[in-house]
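Order as written gives the chain letters A, B and C; numbering starts at 1 within each chain.
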Amino acid sequence: MQHIISIGDFDRDAIDRLLDHAGQIDKKQFDAHALEGKILAVLFFEPSTRTRLSFESAIARLGGTSVSVGSMEACSMAKGETLADTIRVVSGYADAIVIRHPREGAARLAAEFSTVPVINAGDGAGQHPSQTLLDLYTIRQSMPIDGTDVALIGDLRYGRTAHSLASALSLYDVRLHTLCPTGLELPATLAERLAEKGMEIIAHDSIDEIIGDMDVLYVTRIQRERFPDSASYFNVTSSYRISPELLAGAKDNLIVLHPLPRVDEIDPRVDASPHAKYFEQSHNGVPVRMAMLMQVMQ
Amino acid sequence: MQHIISIGDFDRDAIDRLLDHAGQIDKKQFDAHALEGKILAVLFFEPSTRTRLSFESAIARLGGTSVSVGSMEACSMAKGETLADTIRVVSGYADAIVIRHPREGAARLAAEFSTVPVINAGDGAGQHPSQTLLDLYTIRQSMPIDGTDVALIGDLRYGRTAHSLASALSLYDVRLHTLCPTGLELPATLAERLAEKGMEIIAHDSIDEIIGDMDVLYVTRIQRERFPDSASYFNVTSSYRISPELLAGAKDNLIVLHPLPRVDEIDPRVDASPHAKYFEQSHNGVPVRMAMLMQVMQ
Amino acid sequence: MQHIISIGDFDRDAIDRLLDHAGQIDKKQFDAHALEGKILAVLFFEPSTRTRLSFESAIARLGGTSVSVGSMEACSMAKGETLADTIRVVSGYADAIVIRHPREGAARLAAEFSTVPVINAGDGAGQHPSQTLLDLYTIRQSMPIDGTDVALIGDLRYGRTAHSLASALSLYDVRLHTLCPTGLELPATLAERLAEKGMEIIAHDSIDEIIGDMDVLYVTRIQRERFPDSASYFNVTSSYRISPELLAGAKDNLIVLHPLPRVDEIDPRVDASPHAKYFEQSHNGVPVRMAMLMQVMQ
């Protein structure tokens, strides 16, 4: 039995195979009855409608069924009960479990007690491997990952998706550029780990100075709660905002990604530009998650 | 790609074709695998369990799957995100979207940004076309719509279903009778529009004086909040209450409709009468919505 | 049309036939398309994620679809509306209804107004027949029910599952042993009814004195709210706690059951013991509910 808990459990070959499979699925080369009769339990202890819906769509596209537990329900289900017990019970109702949980490490704990495969759909500051896989998939749709210059922009301290993506990119020949407000830098331990793997990481102060050299801008949301007041929030976010004017100086094949939802980080006028790939990225969640489900449920 | 946003987008032929199709479905003349492999996203920014369930049943009867977002979830999904972005994301997960939203015009906006067909399941004081289609279908089950005398009873000012039905009936040869508390009359602009289409609209003060001439009573709920106190609410509603005693003076083939839930507007003793068609009307939501889904998803 | 409202509606033959059928299902001897095209409405006016999920899994395993209404939604659906009306509406959307309701007698009322079969998934202090059937099924997996000594332990006054199980066991040749805190004894009327059926019921003060003679320990949760303070709660519960030390004195084939969730009643070290059957018991909910659905929906 195989679980998918962390992107760190994948080597480069395993990632490439999974993304190749997702690519075939995207071209409609899959059996729409592959998981017929199978049940996926979607157990969300924390709301994430987007991720939930795309897993539910993925299992349906393969002929299977989902049974879902929303965040409030999940919490009341576990009230006074250990996560171990909840998982033991639910694993009797389904052929695989997708779990989202606010506590780091919860997915790995769930995997220990489950009698069916567990997929981590985000656990606190921990991992969110399906997001990272769809990020990589979206880059690959436009260009080979090797040899690219990727800029991570926004909240690099708390942004789980940026951490996971950086780790995965260290398996490839990628130069990492960082752009973030003071205090929201990449955690030192992560930066050290990436450097040990031979990744070059370059911090920048201004996006204008590097826009001409980048292949990928990976933009993440800066949460208003991180700032003492609205004025300083707007002051900071506006200096990282992606606009058509900024993109005028970019390479032709630069792509802009964002895990969504976006708020003020990307000007809506960018949506019409060929650089904008964030909605495709979101849609890619379905074929990538289909490939993940087939990997563990077949 | 076709959306269903307003009953006003349908001409009489289009309505009749759709209702004929619903009639065939009702006689079990349909392919139970017609929408196999298709996914319907049910996106409710406002609760309406009845409408949600009947859309979910409709897609299931046709072999498809639904993925649903309840009202609280939908609102948190859209928190800080534009409706346009939410729709762009969800349209990557499904083959069609049913949307319910508290803001008038939201469904038409959603249709602009969606890459898949959108069906309006009610947007604020706006439209609710599937309700109107099932209302018409229920009348047609008992009699030809042309030549009927239809009484709208209750809150005609805020009652969205009454407005939509009146508009649709103006496509037929129907005489419209109105009965409502002072202050809850049909909006003047709507009344003018109907009159321009040649519809005769007659306001009445008492239901007793017309009960012998009506073919259809379309009863809507009068909300207690519209009145200064309970006494005046009960005073008003009791004068519009449909009772077996009142129906004793009705034509044999008179039918009583109500979009439900009903509270005090219809005496439960009426339920057993052959005039009572409001539960059939509610059940008709399934074949009518099946016909709508086939129209846009096939 | 057949409803399943109370375990009391079953005679011993009917129970045995249903459990035999569940046993076949458990051995994968069933048609995975048996309920294809059928829709189960899952209408929960009170939260019970565990029960809901296992009904949803059961219908999915048989090829059917569920449409679900959660507790908050169900309550708002019924706001101002009678349960009779809600049921009449929902029975137009589905081929069967599973209902859970906080009010005793609600399921039987629902059955009166439904045009499709109704299954009671718990109504207040009333009945919860699917729980009792899976309890019996789990005992039967380990031993013939006839001739056993069964101990009910915990809150026997308010514990609906204990009441239902005791009633069902009175159809068999079972000796019933009770162990409970003062004030939480089996209701006198129930005890009399069981005695009239010829059941021997023996009350005990200490679990140690009987552990060597029991075949089944049926442990239920004692709710902290029943006690004036935490100290007296802990004092009482610790004296009923099932531990490996206690089980050292048990028969080899003793089984420990619990309707779950368990909190402090069973030491987690018991989980690894061959006596522990409470997770199997929970998993048995799926085949037993599949047999129930086939009985009423086919």
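Going forward, a residue touches a chain if its C-beta (ideal position, glycine included) is under 8 Å from a C-beta of that chain, and two chains touch if they have at least 3 such contacts.
Computed from a prediction, not measured in an experiment: that's the story for all the values here.
Engineer: Give me the set of chains touching chain B intersected with the set touching chain C.
Structural biologist: Both chain B and chain C are touched by A, going by the contact rule given at the top.
Engineer: Would you kindly state whether over half or under half of the residue numbers at the chain A/chain B interface are used by both copies, giving same or different?
Structural biologist: Shared-number fraction below one half, so different.
Engineer: Between chain A and chain B, what distance separates the C-alpha centroids? Give it in angstrom.
Structural biologist: Here chain A and chain B have centroids separated by 41 Å.
Engineer: Going through chain B residue by residue, note those that touch at least 2 other chains and give them in order.
Structural biologist: Residues 65, 70 of chain B each touch two or more of the other chains.
Engineer: Write out the stretch or stretches of chain C touching chain B in their complex.
Structural biologist: 37, 39, 41, 65, 67, 69-70, 73-74, 76-77, 79-82, 84-85, 88-90, 92-94
Engineer: What residues of chain A sit close enough to touch chain B in their complex?
Structural biologist: Residue positions touching the partner: 32, 47, 49-50, 53-54, 56-57, 60-61, 63, 65, 70, 260-263, 268, 279, 282-283, 285-286.
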